[in-house]
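Below is one structure. I have some questions about it.
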Amino acid sequence: MLTIAGHSFNSNLLTGTGKFASPALMAKAIAGSGSELVTLALKRIEQVQDKDMTLRHLRELGVRLLPNTSGAKTANEAILAAQLARDMLGTSWLKLEIHPDPRHLLPDPMETLLAAEQLVKDGFVVLPYCPADPTLCLRLQEAGCAAVMPLGSPIGSNQGLQTRDFLRIIVEQSQVPVIVDAGIGAPSHAAEAFEIGADGVLVNTAIATAADPVAMAHAFRLTCEAAAYSKQGKLAQPAAGAQASSPFTTFLEPS
Amino acid sequence: MLTIAGHSFNSNLLTGTGKFASPALMAKAIAGSGSELVTLALKRIEQVQDKDMTLRHLRELGVRLLPNTSGAKTANEAILAAQLARDMLGTSWLKLEIHPDPRHLLPDPMETLLAAEQLVKDGFVVLPYCPADPTLCLRLQEAGCAAVMPLGSPIGSNQGLQTRDFLRIIVEQSQVPVIVDAGIGAPSHAAEAFEIGADGVLVNTAIATAADPVAMAHAFRLTCEAAAYSKQGKLAQPAAGAQASSPFTTFLEPS
Amino acid sequence: MLTIAGHSFNSNLLTGTGKFASPALMAKAIAGSGSELVTLALKRIEQVQDKDMTLRHLRELGVRLLPNTSGAKTANEAILAAQLARDMLGTSWLKLEIHPDPRHLLPDPMETLLAAEQLVKDGFVVLPYCPADPTLCLRLQEAGCAAVMPLGSPIGSNQGLQTRDFLRIIVEQSQVPVIVDAGIGAPSHAAEAFEIGADGVLVNTAIATAADPVAMAHAFRLTCEAAAYSKQGKLAQPAAGAQASSPFTTFLEPS
Amino acid sequence: MLTIAGHSFNSNLLTGTGKFASPALMAKAIAGSGSELVTLALKRIEQVQDKDMTLRHLRELGVRLLPNTSGAKTANEAILAAQLARDMLGTSWLKLEIHPDPRHLLPDPMETLLAAEQLVKDGFVVLPYCPADPTLCLRLQEAGCAAVMPLGSPIGSNQGLQTRDFLRIIVEQSQVPVIVDAGIGAPSHAAEAFEIGADGVLVNTAIATAADPVAMAHAFRLTCEAAAYSKQGKLAQPAAGAQASSPFTTFLEPS
């Protein structure tokens, strides 16, 4: 359903480990989501090495780990974080995140590209979180990134696909998978991302902060499963004016 | 999952019979959708009485029929059509549709209310298609309608919930089920309707005119099933600014 | 620029008298707006008869008064209010407002049509505030209303033209002036109304509650004046893709 | 009203010279717009040196010239074009444009930053056209740019402020003027840009391709003049629900 760097996943839904009330709840929600690719922050890894819980849960679930470099403000910091993550977790998969601004957490396009170029050379499978900037996404693809992860709206804002018109261009141009990250705050947002042509979505906050994360994970699972059928079914284009579903409007006239 | 006039349905997805390439395809798509409440135009009924196909398919599926008065331009025409439908199909369930304008097919609020008042007195279970007008919806409820069916955008336009801000008020005020009708052109639109609080959606054009109606029906089915989990899970409110999913942004600082 | 019931106004901007900090400030703001047609609530009239200030200011400005029936919950109440207003103010011009719901203040389509029919018979020049419902607007026009005043979004919400797709149909169908009322919270909203084809806008809250109502009135005045030039200039249609403003992109190639 | 690099302009409206039917019409439209800062493509300059018309008109109007590097696909090409423009026109003011993609004409963030850094060192007054990327805009400001020119939507698309949520962050963070460029296809779009807090807008296509460019120029002039009053007037925040303009809803009750 989703193939990244030659590796196939049954689910087009990526999830994260942040903001859950407990590691156990996180595990249940991720299991319920069907997600097979799960991102986690390096700082969180360090913590859990001791307590052994988040990581143990993820190992038990059998999901592929996607450590991220959240907290890095420069390319150099991100590269260092990536190396630490590879050493600690034994995976070269990496979600590259560089956001110097602590308020809006928006990714830095220049540092992200710089780091991506280096990390690809160093053998990482790089999935960069980035602005929904079609030119940048092409450059990241040329740099050898395994996918691009343009943002829908600011992280954790749950405000949906404010960048939809640029996502459309990114999808049209991209030869690597496009995974919409950040801002997907409801199943309708995920559905819209797939309708635009995205290959995957990453959802963390909307699941983790829901009143019932396991139920919400299941809602996203079904919505993301629906996307495959919707793609196969292929929607007709929206019409400018109304068209009757029931065009036989003459039933009372003499036949 | 959806209860109308004391009758419970497992599915919150209503479908229609118009615009399909063949009755057989229609039957497969409706089966794939999981829908248990299916609307059909009276004129279509008359036709199929002879050929016996659409109706036979619907009977075999075991769905509840919801004849509609599409084509009626006045309350009187709609009332006459309703009586014919009851006689022919043996059901008092009715989707009341009155749209005098052949171009935009927008419902007439006055005639709809007039007809609804009479039809309720005559023992019909009335589900009126209507503008997304909160005051009108309250009046239709007071008139004894079993549900209200406000439009999302013009019929067959597939343009989604252009009336979302009024749908929100309708949902907040309504004591009968709110079923969003018209304009739901993609699974994301259906998902949004449920997130706003709708109890059901009616989808016809988006399924019938898809390249593969059966696949599209299945996409809507999963999306509508997701709505129940999403409601149970209860989303957190969208935030004004960004919030980090991975708030531990100090991993490179000395601890 | 705007002609209603055979009476021409230089300004396409209608204003109101509510929510101002003082009658003097109201007068200055209305003067700054250039508005020549000003609505005021009957209750306000009764009050000011004593204090004599609001009305005196409006008389001095030389604007045409447009008393409204705000507060009326039924057609009968509105008709009574209209008669009182005509007696007190000596004008048969009337903004018909009927909103039974004290929370959302949305107009009642049925009662509004009923009252309009009667008031037109009684010789009033009726401008009904109404839902952005194309069918209803046609019926109000048929009833002899001098203009229709569909809402952009709920009164005082300042949320702009949430009903834009229906306003477009209303404009296309209407043979009387279309004046967008309610929800116009910023000059950009007024500009959009005119771009859609509206003949006028009514702005009250956005001016009255601005930090500096006189400056804001002037902002709306210029924006509404711009509309006449914009209409004359006639915009090209939005393009689907990008088009270079500076198409000579070969400057570095040998010529 | 708009101050860039210590130079004050009475108008916050920037215009361009592309797409007009003739130089004479261009001159009339620019005069009608009140614009004092006008961009033109280098290739166009080369052409007009011979024919002497566009440039002669601009000189007569007394506007400040803002040559642009449209057509440049890399930082090096843009730097070369900038030097040519300075030599030919005797101005160090420059609109920096680098868009490698001939289809969508979207600016390249990396090349734009590289070129900006060099051009500032070379003494240019640099106004870069750029994605609506808050991090990039900060970097351009740090590089010494005199203003930033984030895009509203793709060039020439006339689709308005699709990037509004990012423009808001850019305005909030920026210490240099923010001039919204590209996508402003109607006066309402310009008005919205100012309401978001932009310091200026650049409009070319919407004026040049209007049926009557001079009238449309005047429409934009009034709208941009309105922005100063609107800013002074300061709008109240949009409310969540309705609020009555005429709150005295008890006029028929006994007092």
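So that you can tell them apart, the chains are marked A, B, C and D in the order they are listed, and the count of residues begins at 1 in each.
The rule is short, and it goes like this: contacts are C-beta pairs under 8 Å (C-beta built on N, C-alpha and C of every residue); 3 or more make two chains touch, one makes a residue touch a chain.
Treat the numbers as computed from the prediction; the structure is a model and nothing was measured.
Steps from subunit B to subunit C, taking the shortest chain of touch contacts, total 1.
In terms of the distance between Cα centroids, subunit B is separated most widely from D.
Chain geometry summary: the mean Cα position of subunit A and that of subunit B are 32 Å apart. Between subunit A and subunit C the centroid-to-centroid distance comes to 45 Å (mean Cα coordinates, whole Å). Taken residue by residue, subunit A touches two or more other chains at 104, 106, 154, 159, whereas all remaining positions touch fewer. Judged by the touch criterion defined above, the protein chains form a single closed ring in which each chain touches exactly two others. Subunit B meets subunit A in the complex at residues 16, 18-19, 39-44, 46-47, 68, 70-72, 77, 80-81, 102-106, 154-159, 185-189, 191-192, 195, 204-223, 225-227, 229-230, 232-252.
For subunit A in complex with subunit D, the residues that touch the partner chain are 99-101, 104, 106-110, 113, 131, 133-136, 138-139, 153-154, 159, 162-163, 165-166, 169.
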